[in-house]
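Lettered A, B and C in written order, each chain numbered from 1.
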Amino acid sequence: MATAREVAIRIKDVSHQFGEPGDMRFARALQQTSLDIMRGEMICLIGPSGCGKSTLLNAIGGLMRPTAGTVEVGGKPMRGPLPREIAFVFQESALFPWCTVIENVELGMVFQGVARGERADRARKSLEAVGLKEFMSHYPDQLSGGMRQRAALARALSLQTGILLMDEPFGALDEQTRMILGEDLSVLLARAAKTIVFVTHSLGEAVFLADRVAVFSARPGTVKAIIEVDEPHPRKPAFVTTDKFAQLRNKLYGLLHDEIRKAAELAVAAEPAP
Amino acid sequence: MIAPRQRRDALMSRGLQLGFLLALILLWYFATASGRINPVLLPNPLTVWHNLVQVLRSGEYWPDLQVTLSEIAVAFAISCVNGLLLGYLISRSQYLIAVFEPLLAGIYSIPMILFLPLFVLFFGLGSWSKIALGAVISFFPIALNTIAGFGYVDRILIRSARSMGASNAQLLRYVLLPAALPVVLTGLRIGFTVTVLAVFGSETIASFAGLGHRIAQLADAMETARMFAYIAFAVVIAAVLNALMAVVESRARRQ
Amino acid sequence: MSAYNPWRALQREFACRLWLVRLIVIAGLLAWWEIAARYWVDPQFLSPPSRVLLSLPSLFGTKGVPAALWITLWELTLAFVIAAAIGLALGLAIGLSQLPRRSFVPIILLLYGTPQITILPLFVLYFGIGPASKIAFGVSHGIFPIIVTVVAGVQNIKPILVVAARAMGASRWQVFRWVIFPHMIPSFFVGLRLGMAGVLLGVLLAELYVSSAGIGYFTQMFTESFDPTKLLGLISLLAVMAITCNGLLRRAELHFQRWRVN
């Protein structure tokens, strides 16, 4: 199936720091990070806390400009959000609490500039696709965490962008919900043929969902290694029990463990003395 | 260490505040100095200042201030005693709280200034009508806060004290009082502020003495400059009283 | 232990129906008022509620009283609408950008805390003894809680909501219209409830102060002629007006609390 693929997102020598040296809040989030993301692939960014994965995601999405380096999407450097090409799913529910689920999905399209007639139609279709057909007129606070993230995903999908950026979308959910959502996501995305960048903390999730996994070092973050997961989409739930899965997961663990330790030590060192 | 950007923002907002206030004062001065505005309506700030200094130096404010302060003191004392006592008694029982708290809150929501004419009917235009109004209005926040303070003490504290053999008196002294104190003190502070407002208000409307009355009297006599001076004086007095009460509250809390 | 304790059963009945107990308490207070006014207190000073109620028609028959009440109601309505409009406008203007908010909120809070009653004579001096001064004083009391709550409603929005909207391509106007404004509505209605209380206070204070016309004229007249019946009647009607206004605003506030996050 794979032919010569084009680069959808090119990240070149991106570095980012918050504040100036000497500021209380100064932090170097990313250091000389480079990565080419291919069109149609699903890539996971994984690494210890504070390694800059979310920062990089925001930079890719045009929500912020890195202090050094460039991010190119479709060959053009990123200067701001590209709502027609890039859609986001955030960790905390970014659903508007005063709108019903379907109103939330439609509102995204209002911002994007979709015609009125088409909005309702697309909204209904994407909500059905994520399994929320019966909950369209509910308010976000009436839904469980997992359902809220499904709604957020539906909103992102309805925008029909080529690229989907997901920042730990299942981070706030319990293990079982994550598992179910992960399996459903794999099915959904296999149909959708989008370029997806997915930030996560979970090793299992990364191996299960991604084509490639980019492992980040501790802060200041940079890509330490890239692992390929050669398994056809959609991923079967049984994949998790195979030896291949275990091997890949162990490899990830090995790469990550030291970085996680390093990050923990950095965190302790950064705390003010009692 | 504050980042340079934060310091700059703080300076800018402080600058804008001062600039705004300065602009207002200058506008006031030039509007009146130009002679376009009737000095009876808006006196010159310098004239007001002159009047204020005169009032302060001559001690002319003293009788009115005495009346106002004594009314506030007596009214507050009455509402304190009643509010604390009744509040405490109601707080002894969850049932009583459930019955009376909403009632008290409901009555408090009526603008009680309406009762002033009734008190004037009872007590005449003298100090007692102001004291009555002040006492009645400030009773409510004190009682409500006392109920809240004593009534919602964490049950677990009471249970553990009892399990260690505390008597009723000991329970009151060592558990209930310290736990309830912050909320009760807040109620006293609010009650005090309300007393000050009620006394000023009722003096303005129906009285023959006191700072509020003086201001109203000067308005009737169209002596606007002096009235402005008294208004400034009254506002400062109110601010000082409230600040004193706030200090008392925070000192008592620290005990 | 007895199987059926009538006293306990009665207690349980009352425990479940708190509203009934409260009603009984209020009825008790009214009864106490009735008895005290009839038998203990000089009729020059206090009137029993029964007499007050029965004399209401005569109160309405008194020349000028219905007009005064009606005008007061109009003053309340107008003052509230103006206070809501100005409060909303100023609140948005201050709340939406950082610099005005940091600079002006302390000033607003300072003004909110000063005893406005001291400048009531000034209002009447400027606006006259007619409805204008009452409305102005009412507005002056009502705008502050509205401004403060609108500013808070605009400021405490979760940043992620604005980020998400921008990421989906919302323009600044769209962010305001579809995100910030709806988010601010519950706070706005809390402010409106508090503002209503302020407007009530301001208008009534001004009305009582001006003794040459309106409600103040009649309260003074009834006081001086030692007519507690008519005075209590008038006060009761005004109290009912106040309770109704507050009640309406409270309902409105609760209605718009529906999705409130905190």
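Here is the rule we use: contacts are C-beta pairs under 8 Å (C-beta built on N, C-alpha and C of every residue); 3 or more make two chains touch, one makes a residue touch a chain.
Keep in mind that this is a model prediction, so the values were computed, not measured.
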Of all other chains, the one whose Cα centre sits farthest from chain A: B
Chain with minimal offset from the mean of all protein Cα atoms: C
Chain centre separation (chain A, chain B; CA means) in Å: 55
Separation of mean Cα positions, chain C and chain B [Å, integer]: 19
Centre distance in Å when chain A and chain C are each reduced to the mean of their C-alpha atoms: 50
Residues of chain B whose C-beta touches two or more other chains: none
Touch list for chain B against partner chain C, complex: 9-10, 12-14, 16-17, 20-21, 41, 95, 98-100, 102-103, 109-111, 113-118, 120-122, 196-197, 200-201, 204-206, 212, 215-216, 218-220, 222, 224, 227, 231, 234-235, 238-239, 242
Contact footprint of chain C on chain A as seen in their complex: 61-63, 81, 83-84, 86-88, 90, 92, 94, 96-99, 107-108, 110-113, 139, 141, 159
Touching residues (chain side chain C, partner chain A) in the complex: 158, 160-161, 163-170, 174, 178-179, 182-183, 185, 258-259, 261
Interfacial residue positions of chain C with respect to chain B in the complex: 15, 18, 21-22, 25-26, 45-46, 98-100, 102-104, 106-107, 113-115, 117-122, 124-126, 197, 200-201, 204-205, 208-209, 216, 219-220, 222-223, 226, 228, 231-232, 235, 238-239, 242-243, 246
